[in-house]
Amino acid sequence: MSISSKLVMWITGSLQGDSQHLDLLSYLGDTGFGQVEPGNVIMIVIGLIMIYLAIKKDYEPLLLIPIGFGIIAGNIPYNPALMPIGYQDVLGGQQSVFSLFYFGVKSGLFPPLIFLGIGAMTDFSALLSNPKLLLLGAAAQIGIFITLLGSLLLGFNLQEAASIGIIGGADGPTAIFVASQMAPTLLGAIAIAAYSYMGLVPVIQPPIMRLLTTKEERLIKMKPVRQVSQTEKILFPIIAFLITAFIAPGAITLLGMLFFGNLLKESGVTGRLAKSAQGSLNNVVVILLGFAVGTSTQASYFLTFDSLKIFVLGAISFSIATAGGVLFAKFINLFLKGGNKINPLVGAAGVSAVPDAARVVEVEGRRYDKNNHLLMHAMAPNVAGVIGSAIAAGVLLSIVPH
Amino acid sequence: MMSAAFMSIIVVQSSPVDIESGLGIALVGMTTVFFGLVILSLVLPALERWVEDRFGLDRKKKASLLQQDTDKSMTPVEVAAVSAAIHVHFCLLDQIENMKLTWETHEKPFTPWRLAGRAEHIQESGSLQNRVRSR
Amino acid sequence: MMSAAFMSIIVVQSSPVDIESGLGIALVGMTTVFFGLVILSLVLPALERWVEDRFGLDRKKKASLLQQDTDKSMTPVEVAAVSAAIHVHFCLLDQIENMKLTWETHEKPFTPWRLAGRAEHIQESGSLQNRVRSR
Amino acid sequence: MSISSKLVMWITGSLQGDSQHLDLLSYLGDTGFGQVEPGNVIMIVIGLIMIYLAIKKDYEPLLLIPIGFGIIAGNIPYNPALMPIGYQDVLGGQQSVFSLFYFGVKSGLFPPLIFLGIGAMTDFSALLSNPKLLLLGAAAQIGIFITLLGSLLLGFNLQEAASIGIIGGADGPTAIFVASQMAPTLLGAIAIAAYSYMGLVPVIQPPIMRLLTTKEERLIKMKPVRQVSQTEKILFPIIAFLITAFIAPGAITLLGMLFFGNLLKESGVTGRLAKSAQGSLNNVVVILLGFAVGTSTQASYFLTFDSLKIFVLGAISFSIATAGGVLFAKFINLFLKGGNKINPLVGAAGVSAVPDAARVVEVEGRRYDKNNHLLMHAMAPNVAGVIGSAIAAGVLLSIVPH
Amino acid sequence: MMSAAFMSIIVVQSSPVDIESGLGIALVGMTTVFFGLVILSLVLPALERWVEDRFGLDRKKKASLLQQDTDKSMTPVEVAAVSAAIHVHFCLLDQIENMKLTWETHEKPFTPWRLAGRAEHIQESGSLQNRVRSR
Amino acid sequence: MSISSKLVMWITGSLQGDSQHLDLLSYLGDTGFGQVEPGNVIMIVIGLIMIYLAIKKDYEPLLLIPIGFGIIAGNIPYNPALMPIGYQDVLGGQQSVFSLFYFGVKSGLFPPLIFLGIGAMTDFSALLSNPKLLLLGAAAQIGIFITLLGSLLLGFNLQEAASIGIIGGADGPTAIFVASQMAPTLLGAIAIAAYSYMGLVPVIQPPIMRLLTTKEERLIKMKPVRQVSQTEKILFPIIAFLITAFIAPGAITLLGMLFFGNLLKESGVTGRLAKSAQGSLNNVVVILLGFAVGTSTQASYFLTFDSLKIFVLGAISFSIATAGGVLFAKFINLFLKGGNKINPLVGAAGVSAVPDAARVVEVEGRRYDKNNHLLMHAMAPNVAGVIGSAIAAGVLLSIVPH
């Protein structure tokens, strides 16, 4: 048979009628068009919606765009028998590139690196200036533990419940760190719930804040914050790390990197290290973390009833955390005199979600008095919330058997 | 299944079959490349029309606004201010991002001139930091 | 030891015990979070007082010095110089750090004006480097 | 025996006449001077030539300098029985530093990261402005498949032939990605051939372009490109990824990172991520990738007849690709009317080799008409060529059994 | 082979042999360090002469060109322009590299003054991007 | 039993009197307060002192701050049975985040990356301008080998002695690289000794310099250095690498990266690569290296008599190295005529410790003659000292059986 006549047969795909062989039609079966299932389409649409919200509504774009694109990339249908592509595929020991990215998530490596960057870009002045606002950041963590109980009631086991509870910490890296250690199969859903609700803070919080406060309370003006000396700023990360790490050794990794980053920033002699920690390193980790989390949401793992339950629990968690912060501020006010009273709106910032929650407080405050700037006060419980949920994560990692 | 495995062994070892497979691969490959880019080249004009329909007006407005900005003629003083401003935009961007987490920045109005005024001070104190010890 | 292992098996598998454990965990967790942040909120005011006592005076001095710097009014020429200087501080920092390992920099006095003078030359030679080939 | 008298014996190397022992002479045998072989010298000279071409002739310096220095470092002779140095040495399970660098190449990790950076620095406006020029980028990929057939005829097996063919894609990272998965032993030669010819584009292409075009064709002026809206730029990476990934799922990794990087750039809300993706991350990966590829060219692996064949095939591949682009432009012109005709020189840019091939087109165009600026038009097939060869890579990775 | 393995066991375990080996190692080591740097110190002057012979003239030319640039005295306006230009060179380098892949940049002549003019516009639009949300 | 009554029992910890169970008291036993031992406190104090010295006295802050904070983080007491935190913990195959950081130290990966950055920021002009000063950088390495012998006498084995000797090279990354390959258990002590003494150079060196020189010698003025052409600067890293790597192949990794970085800087065509090599990459590696070395100093490993011996040997090593450089300068002077004589103070810079040792020379020189600037001359032996100790490291890695 001549080669040219064989060529014709290839095209028609009739070279060996009954055996599997290479031709355009068999290749077509291996393309996305041949392998597609409804789940893929649903997930791709979810990814597109995230990207849309990030660009149009400006919801946490630095994470929703990587996660959104990762969801799309992770849900393009393909024939896994042919080559490793996805984050879990292993063909004869070959690792895919996406599985290498995902290693940074699975091993818990990325979240502490992000905390290093957050530390290097966070100014704890507001907190140093008014330490009693720290307590609001503690109160808001009630959301974590109530959600934990709720998750147990919905049938999740302890490790899973602990991981779901951390969504209420309103802190993406902390949630991913805990889930990667305790409930890896739920990681995708937990991460996406955490970041989605962090993006939706301006939607979720205001009604709760209004419901739980009177108009007089919302009008409370707080004393201007004092100027904080550089010496205090340098000593803070060291002292705070020692105290929190002794109390919750399970949080050494997260809090260690957070306060280490902050020391690099405040020491005054390691500016170039702080710049890279919060700049290039942070950016690269954010890109890889977001994309890897996105790719891990392959339809077969993600589109389950569990994911739905996680989303519901997450919403409840955020609401309880907000309420916890606001109500605790009102509780503290019982013990404070006139000029020292706390505007209870500030309590809502205790959930973390830096700096969105603090901005929501500012916006709400100015809705009732144009000259009442609460942002600087709200930053204190806001960063305290980050510390609080890291402590909570440390406790859970220590005492939940895994 | 078995026949596929059998064939793939043949493919690797015997040259005539290799070339035959090669022809098939080349054909499928080239077709796919063309197909992919042809589809893309058909979709893009549709995209353009869709965007034009939805966002057409906005774009023109923006273009004219941009025009006004660039047409201004400036005094040397303005240029000096602006050159400080460009600097602030591009070089201090990292710093400004930094500050966003604090409350200080949001209190002050943005004042490139005072910023310039603080330069000398920064210059002096900064010189202590210009060291390389990163071993 | 064995009973602990035994209990952890129960904890994972049976729901009533899970919830009981959950209550314990929630309680220990919330207490720890509060305890940690309460201690911190008690330590920080002490820190403030200690710093105030030891470094209080220095700070005021610095603040007034800073004041003087920012109050200066400047001619356009000064501003131009200063804007070059800010640039040198922030943008050339990497370069300056670089130079620290050489002997050249240490010989010359720091002269932003001459630096500005060299800009055009740098501009020309630099343009050869504006390429992207990083594949 | 006194220590001082032993000292003298050490120097003369006579302590234990017949056993292996430590002295200056035995150390001399372990130095480069004692271990050198002609292959080392040849490879070091090749490395020096590359560095010379990069600095003096400005041929792809960002890659030829790392590769060139890597070749020198990888070919310094040493005694591998003493300690792990080279990219493959394993002494009792110890990894060398160079083998850790090389892991990024072997695992296929570095090329997609480079694509991320390329995406974040590429402006697809030219392509959006004149989509039919995309076809020129498709036509130039004919070089890949003809070279694949040629390689089979020269005795390479299917996987090797596919990897060699990709040289004709004129795209370094794509070639390295395919070779790392399908023909790791040929990776060094393939990578170096790909980058060398990409550097030599200004030498290889012009004669072919002149041969295949008439003077009238070279004088064709093309319509100015239209302004592209930001919305189109944002939507492009998403739509293009969905289409190309469905058609060639094997290219998900490369195209995913390319379009992800581009979305980071164009979205307008992730500027800092795009900056790091195309800045520090890209630079670091380029340094390590180039150096690692260089070290992998140890004489014993590289100085073979196969390498020579790969270089010959690579040159042919580039020439066919160029011809393919030019001739297809002339073919399209048969269907276009006066003002819409394409200057066939632009077809040569379809090979990829961004942005050198496009510059060659500009230079050639202005040789005949000083006012005929083809650069902007040439950028379209140029970036289309990148997409085209990534699709080709995806197809080959799917259908070639490996 | 065996004797070598045997010796290495002795070397690790018995102290007198260790010190003896140590002396050998110290001697070989110090000799090698000196030998390496002596050769280098002999090669470098040869390198200098070779470079002088081949490129000597060029260097002088360049030096005198550099001189001319730095000797210019400038008006404040020139300085302002130049300070914008330095900024453009160093700070916009990344952006310029970016643009190289597009066709727009190559069309426009390089105009630092207009660039400065666009600063205010950039300033405004840019402020939307100054956020930190990188969690 | 009702849940609320159980709640009360949990708090008092009496639910199951005799079995291990979860309550506040048992958690308290797992906190830092419950697990703390005197060693932890001592190490934390050492970490605090390092941070103090770095910030207040400006001693090598870029490394002492990461190391200091790492020491604190690595010595927070915790119950290792509960979860992996420390750099060595392995619970059922789980890696801790700190162990992943430490991998970069243990595998020898970080030091060459730091050398890449050092190369990209070092200007070898001073050395090119006066090559005979190279010999001072060689002479100062005598400290390495005398310390090696001293360590053997104090009972360390050959590998350990070699690693301790390298402290005398006054070069942190080189010391870490050698120790990670030959004496991993001593790595923490060696790294911290090396960096501490590098920070203390302004304290250690001046008395030795004064002791070994006459006032006339200290007043010697040296000829101004000549202008070095760019061509020489480009050729230097290539030639120097070939010579030193052939002589000491064991140093290929360190010297390869050093000179590769320098070529990136001087070539004039790879500016963006050099910028990232000495910028973000260097900063990130410095952060992780310092922190990882710090965490590896867990009290049980670090607070030993061996560490004390290492610190004593390190101090001796630095002193001998300084003396070696100064005395060799005086020796060379015997062969030089009037105007060419070397100021023997310059010899002290031969130890490495770039650029502190060179600064010490400048300060000492100006103490006797305000107009005698030795800095530029001292930079030559200073960078030669880096090359010299890398060669020494290479030789030791080759000839010491490990």
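Of note:
Note that the chains are named A, B, C, D, E and F in the order they appear, and that numbering of residues resets to 1 at the start of each chain.
Here is the rule we use: a residue touches a chain if its C-beta (ideal position, glycine included) is under 8 Å from a C-beta of that chain, and two chains touch if they have at least 3 such contacts.
All figures in this text were calculated on a predicted structure; none of them were measured in a lab.
Annotation: the subunit A:subunit F pair of sequence copies touches via predominantly different residues, less than half of the used numbers being shared.
Simply put, of D-E and B-D, more C-beta pairs touch at B-D. In whole angstrom, the spacing between the mean C-alpha positions of subunit A and subunit C is 22. For the pair subunit C and subunit D, the distance between C-alpha centroids works out to 39 Å. Along subunit F, residues 22, 27, 61-62, 121, 247-248, 268-269, 272-273, 275, 279-280, 283, 286, 354-355, 395, 399 each make contact with two or more other chains. Residues of subunit B in contact with at least two other chains: 19, 21, 23, 25, 27-28, 32, 76, 80, 83, 87, 91, 97-98, 100-101, 132, 134. Across the complex, subunit D meets subunit A through its residues 107-109, 112, 116, 181, 234, 238, 241-242, 245-250, 252-253, 256, 259-260, 263-264, 267-270, 272-273, 275-277, 279-281, 395, 397-399, 402. Contact residues on subunit B toward subunit A in their complex (touch as defined above): 1, 3-4, 7, 19-21, 23-25, 27-28, 31-32, 94, 97-104, 106-107, 129, 134.
The residues of subunit F lying in touch with subunit C in their complex are 3, 6-7, 10-11, 19-24, 27, 121-123, 125-126, 225, 265, 268-269, 271-273, 275, 278-279, 354-355, 373, 375-377, 379, 383.
Residue ranges on subunit E touching subunit F, taken from their complex, read 8, 11-12, 15, 18-19, 21-23, 25-30, 32-45, 47-48, 51-52, 54-55, 59, 63, 97.
The touching residues of subunit D, when paired with subunit F in their complex, are 22, 27, 30-33, 35-36, 44, 48, 51, 54-55, 58, 61-62, 65-66, 69, 72-73, 76-79, 82-83, 85, 94-98, 100, 279-280, 283-284, 286-287, 291.
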